[in-house]
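Some notes on the structure that comes next.
Chain lettering (A, B, C and D) follows the sequence in which the chains are written, and residue indices restart at 1 in each chain.
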Amino acid sequence: MRKSKLVTFALVLSLLLPFSVMAGGKQEKEGAGAAETAEKVFTLGILGPFSGPSARTGKEFRSSATMAFEAIDWKIGEYTIKPVWIDSQSDPAKATQAYEQAVVQDGIQAGILNWHSSVAVACMEITAKYKVPHFFGFGATEVVNEKFHSNPDKYGYWMYKGWPTPKKLSVNYVQALEDAIEEGLWNPGEKTFAIYGEDTDWGRSFGKGIKEQLEKAGWRMVAEDYFPIEQTEFYPLLNKLKGINPALIAGTSTAPPSFSSFIKQADEVGLESLIVADGLGWVGEWYKLTGTSSNYVIDQIPGWATEAGKEFAQKFKDQFGIDPSPSSGGLSYDGTRFFIAVARKAIEEYGELSSESIYNFVKNFVWEGKWSFKDGIVMSEYAATPETVPDPVVGKGYYIFPVLQYFDGEGKIIYPPEWAVQKLQVPSK
Amino acid sequence: MLKVENVDSGYDFLQVLWGINIEINRGEFVALIGPNGAGKTTTLRTISGLLKPKGGRIFFKDELISNLPPYEITHSGLSYVSEDLNLFVNMPVYENLLMGAYIIKDEKKIKQTMEYIYELFPRLAERKKQLAGTLSGGERKMLAIARGMMSNPEMLLVDEPSLGLAPYLVRNVFDALKTLHGEGLTILLVEQNVNATLDITDRAYIIEQGKIVLSGKSKDLARNEHVQNVYLGI
Amino acid sequence: MKENTEVLKTLGDSILEYIKRKPAVPGAIAVTVVIAIIIGIAGGPAQVVNAIVAGGMWALLATGLTMILGVMNVPNFFHGESFMVGAYTAYFIFTPIHLYLMDNPNKFLSTIAPFAGFFAAAVIGFILGSILEKLVFYPLRSKTKERWVMNSFLLTVGVSYILSNGVNLVLGPNFRGIPRYWDVPPIKFFTIRLTVDRLFAFFLAMVVLLLLWYFMGKTRTGRAIRAVSQDEAGAAMVGININNIHTLTFSLGTSMAAIAGAALLFMFQAYPTVGLRPLYYAWYVVMLVGLGNVSAAVVGGFIVAFLQTATQQFFGIEWGEVVPTVVMMIVLIVAPSGIFGSEVKGIQEQ
Amino acid sequence: MIKSTGKASTIARTLMSRTGFSSSGIILIAILAVLPFIPPFNSEYILRWLVVGAFMAAQAVAFDLTAGFINVVNFGFAAILGVGAYTSAILANTGPHIIVQPGISPWIGIFIGAFASAFLGFILGFLTLRLRGLYAAIMAWFVGIALLGLARTLTPLTRGSLGMSPPSFFDTPSNMPYYYLALGMMITIYIVTKLVTTSHIGLAFKALGQNFDAARASGINPTFYRVFNFTLSCFFAGLLGGFYAHYFVSMTPKAIMHTSKSVETLAIAFIGGRGFLWGGIVVAFPFVFLLEYLRSALPQLPGIHIIIYGVLMILVMIYYPNGVAGFITELKKKLWRLRKPEKT
C-alpha cells in the first residue's frame, strides 16, 4: 500500500511539474523572441507528411528544403529563416490542427510545400483565417482550384500549387496509348479499362480525369475501385479485375507501401492488362519494393533534365543517404528555391520580408505572369498566368512530365515523341 | 510430520482462522471436524499454499512451507484434494491422472502409479478416455483423490469427499481412503459426516469459529459430550 | 468388416451428438461453403485459393490470441504489435542477407535466407512476450485479481500504444519492405497463380499450428498449459508453477503473431501501425468462434477469410471493414459466446 | 440573522453536495474561469490548450458514466462522438462537395447531432444488453469500427478520408469564446452526470456494475438502466462531437472516430479515477499541457507523449486502480483524521 501511494504521488508530481516548468519556460522564450526581432527573423512553416503512410515523401521534402536553405545559410537578405516543420500525417484534420498550432504558437509568417490535395483543401481554411501566404503547396486536384476560385480574396492565400490538376497531365497517357494503337504497336482488342486508386481527393480526381479522357477516346470503363490509403492486400481486388480482364487499368496512389504491393500482387495473380501506375516512381526506392514486377508499367515522372539536377541528386544522396525522386525531392527543392527567389524579390520590391510583402509580390507579379522562376532543376520554368492560377503553366518549356515505361527499374521515355527513347512495349501473352 | 503453529488466515479483509495449532505424525489418519463456516476449508487451503497465512508458521517434514507457493508445497510431498475438486474438465480421465503426476519425471514410475490407481479405482479404469466433465459425482471425487495420489505424496489433505454423494458412494470413497492409509499414507481429512469420520480416523481436531476447541483420539471424541450434542445429534 | 461399420456408426453418432449440442457449427460451416462456392463461380477458383491462403494466416494469428485469452484470461490488444515486431525482425535479418546475395548469388543461401528471418521473428516474439508478461501482467496478477479481464485488457491497450509509438520513435515511420522472399516465378496451376512466398506463408502457418497441436496434446508442458486454462487452482495443486506457464503461454502467443508478421512481410511490409488490420482480423476470428477455443480458431480463420474475400468481390474494397464487422455484431447478438462456444473461465465476470 | 445565514449556507451546501461540488471544486472552477486573463495563460496558444483540456475533461466525464458506473468500457465512444460531429457538420454544410446543403446553424445542428448520437447510444445499449464486461466492450469496439468504416465509405455525405471543413461557431480567430463554451459544456455535463449518479438511478448503475446477476435478482431492471446510461453518455459524446466539428473546423473519420481516440479518453478517465467523475477533470488539464508541451519541446521525438500516456496508464492500472481521484480522496480522509483530535 505504502509503495503504491509513493508511486501515485510521483505520478501526480510528474503531472504537475511540466505545468510550472512550461509557464516559466514559455515566458523566457517570449523574452528571447523579443530580442531576436532585432536580428530580423522570418518564421517559415514547412508542411509535409513527415509521418504516416507518405512519410517517405515527407523525408524527401524535409531533406530538400534543408538543402535549399543550407545553401543560403538560412538567410534571405538580412532575415534569418526559422523553419517550423508541420507534420500533416497525411490526414487533413491532423494537418489543420498542426498548421493552426504553428500559426498561433510558433507564429509562422508564411508556409511552403505540402503533398496531399485533401490536406491542401483543409489547410486553405487556416491560411485564409490567419492570412498566411502558402506557397508551392502541391495538392493537385480540381477541388483546390475550385475552392481558390470560389473566393480568391479569401482562399488566395494558398498562392501557388506547384502541381497542375491531374487532368492536364493525364491526357498525355491517353495520347501515348492512342498513338501506340495507331502505330500498330498495341492491339488491345476491345478498348476496355478499369480505374483504381487510393481513396483521397488525389486518387479520385486522377481517376475521374483519366476516365473522362479515355471515354472521349472511345474506351469503355468496366470497373472502378478506390481503396483506403493504407491498404496492402489486393489479391481479391486483382483477382476480380483479372476475371473482368480489361485491356488497361489506370490509377494512382501516393502511399509507396500500398502502391508497390498493388503492382507486385498484380504481377503475382497474372493480371494481363496494361497498367498505368501514376506516381509509382515518386519515391526514390520504389524498385526495391516492387522488383521486376514493375516491368511494362507506365508512369509519368519528371526526369533530372539538367546537369544541376543530377548534381543535386548526387549531393542529396551523399547527405541524406536516400535517392531523391525528381517529383518529390526535386520539385520540393525547386519549390523551396522558388520561394527564396520570391522572398528576395519581395524585399527588393517592398523593402521588407513579411506575410504582406510576399502575398503582394506573388499576387501582383507572379499571378500576372510578370515574373517567373527559371532556375529550376526539374522543370525549365515555373510560371503562372491569370488563367492558370493557382496552377503552373503546363507544356513544353514549362511544366511537363514525360510518359515512361519501366524495365528492370529504369524508366524509358515513350512520350512525347521528341523525347522518346523507345516505343511502347506490350508484354507477350 | 505436519506442524501448524499459531496460524491466522483468511481472505483479504476477512480473517477466518485465529491461532490454529495442529500437529500430525507420519502415518496418522487425522480428521478436522467443525460446522459450516468454521474454517475447515480455509485451514486446508492455507496448508496447501493456496492462501497465504497472515500469521504463524507451518512446517512440513520440519521444513517451513508457509512461505512457499502452492506448487512447491506439492513438490515437497503434500497433496491436496479440494472440496470443489478442481478437475480438468475438458481432459479425459487418464490425462487428469497424468497431470496428477506432473511433478514426477520418471515415465516408468508414472505408469506404475497409474496401474496401481486403476486397481484401486476400477471405475476410473473403465472411463479412462471419458472427459472428466462428463463423469458422475462419485466418479469425480474418486478421480480427484486418485489425481492427488498420482504424485506419490507422503501426505494427503482431503476436503469433504462425502459432500453430495449417495451413502453407498460415500462408503466407497472412505474405503479407498482407508486402504490408502493402510499402505502408510498420512491423511488429514475434513468432513461433516462426523460419525463415519470418527469411525475411520485415529485422531481428530474440532474447529469452531476459526479456533481449535477440542482435539484427541477419535474414539474419545466420539464419547465427548459436546461432540455428541453438536455433531452427532445424540 | 463388421468392426468397420461399427466404427462408422459410432463416429456418425458422435457427430450427430455434437451437432445437437452446437447446432451453430454445421450452420456456420455450411454458410462458409456456400460463400466459397459463390466466390468460386463469381471470381474463379483463384479467388477461393486466395481466401484459403489468407485464412491460414488469420488462423495462426487468432490461435495465438485465443491461447493467451484461454490460459491467462488476457484479451490481448497488442497482438497486432507483436505482428509488427515480427515483421521488423524479419526485415532486419533478411535484408542484409538479401543485399549480400545480390552481389554474391548463391542458390542454397537464397533458399534458406528467409528462414533466418522467420526464426529470428519467432525468437524475438518469444522474448518480447516473456519480458512483457513479467513486467506488466505478473505485477497486476500478484496485486489483485479483481476485475482481472477488464484491467488486463486495458493494460494491453497501453502496451500496444507504447510499442507502436516506441517503434515509430526509434525506427521512424518509414515503410520497410522487401520485393519478395524467394525470387522465383509464381507457381501456375490452371488459372491460379501463387507465388512461393504466399504458398510458403500458408504452409508455415499450417506447420506451426500442427506443431502447436502436438505440443499441447502430447507433451507434459503442453498439457500443463491446458490444465492451467481449465483450472488454475487444480493446476497449482498438482504442482504446476502457474507463473511459468503464464509466461510461457504469453511468449508462445506473441511468438506466433511475430511469425505471422514475418511470413507476411512481403505483403504488409513493416511500419509502426502495420498491426492494426491483423489485430482486427484476429479478433474477428476469436469473437466469431468463441473466446479461448483454440481448435475452433483455426476453422474461424478460414471463415473470416472467406467473408472478407466475398466482401471485396461483391461490395468493393472500401467496404472491407464494414461488412465483416456487421456480421460479427450479428454473431455477438445471436450467440454471445461464439458459434463454437467459449472455453474461457472467468470471462463472464463483470 | 445568524440563523438565516446558517440556513442559507446549509442550503448552499446541500445544493453543492447534490451537484457534486465541494468547496475545492468551486475554487477549481473559479480558477479555470479566470485563467484566460492571467499570463501566461492569456496567449492564444495556451488558450488553445485550455480549450482542448476542457474538451478532453468533458469527454472523460461522459465516458466515466458508462465505464465507472455500469462497468462497460465503451470502445466505440470516439466513433459515436464522430457521429455527432458529422451530423452537425453535414447539417451546417453549404458547400458544393457534399450532396446536401441544409445550411443549418451549428447552434441547432450540434443538438441534432447529439440526439443522433444518443439514438446510437440507445441502440448500442440494446446491442450490449445481453453481454458482459469484455464482450460488451468488444461489441462497442466493433460498432465503432463499423461506424468509422461507414463514415469513410459514404463519401457523398462525409467526403470520407478527404476530410470535411464545417463552418465554425464564432467568426473570430480568438480561442476565448470557445474556451468558455467548452468550459460551460464541461460543467453542465458534470452536473447532469453527478445529479443522475447521486440519485437512485446512480445506485442502480453501481449495483449493475458490481454484480449484474445479483442486481437483477434484487429487482433492478437491467434493460432500462443500461440503455439509459448508454443513451445519456452518448448524448454528451454527440454534443462534444458537435463542438469538435465547429471548433477544429476540419475532420476526417480517422482523426475523430478511431479507436485510439477512445483510448485517449479512457486513459484520462482511468488515470483520473474511474467512478469518480471529477478525476478526469483534474487530470485532463495538466495532461493536455504536459502532452502539448512535450510535443512542442521535443519535436525530434514524435509520439513521445503517447508513450507517456501508455506508461502512466499502465502504472496507474497496476499500482493505483482508483486513480488520482482515489488518491486525493484517501489523502483527504487521512488529513481529516489528523485534524480531528485537535477539534475535540
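Everything that follows uses one rule, which is that a contact is a pair of C-beta atoms (placed from the backbone, for glycine too) under 8 Å apart; a residue touches a chain by one contact, two chains touch by 3 or more.
Remember, predicted model here, so these are calculated numbers, not experimental data.
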**Fill in**
Ranking chains by how close their C-alpha centroid sits to the total C-alpha centroid puts first chain C
**Asked** Approximately how many whole Å separate the CA-defined centres of chain B and chain D?
**Response** 53
**Asked** Once you find the CA centre of chain A and the CA centre of chain B, what distance in Å lies between them?
**Response** 76
**Complete:** Here the gap between chain A and chain D, centre to centre from mean Cα coordinates and rounded to Å, is 37
**Complete:** So, in whole Å, the Cα centroid of chain B is separated from that of chain C by 42
**Message:** Quick check: what residues of chain D touch more than one other chain, meaning two or more?
**Reply:** 152, 302-303, 319
**Prompt:** Which chain A residues touch at least two other chains?
**Reply:** 50-51, 199, 228
**Fill in**
Inter-chain touches occur between A-C, A-D, B-C, C-D
**Request:** Over in the complex, which chain D residues touch chain A? Could you list them?
**Result:** 39-40, 43-46, 48, 96-97, 152, 155, 160-163, 165, 173, 175, 248-252, 254-256, 271, 283, 286-287, 289-290, 293-294, 296-297, 299, 302-303, 312, 315-316, 319-320, 324, 327, 330
**Asked** Which of the residues in chain A end up touching chain D in this complex?
**Response** 3-5, 7-9, 11-12, 15-16, 18-19, 21-23, 25-27, 30, 50-51, 85, 87, 91-97, 100-101, 104-105, 118-119, 121-122, 125, 129-130, 143, 146, 199-201, 204, 228-229
**Message:** Quick check on the complex: what are the chain B residues that touch chain C?
**Reply:** 48-50, 69-71, 74-75, 79-82, 85-91, 95, 98-100, 102-103, 147-148, 150-151
**Fill in**
In their shared complex, chain B is touched by residues of chain C numbered 220, 223-224, 226-227, 230-231, 233-243, 343
**Fill in**
The chain A residues in contact with chain C across the complex are 50-53, 55-56, 59, 199, 225-228, 230-237, 239-240, 242-243, 256-257, 260-261, 264-265, 268-270, 288-293
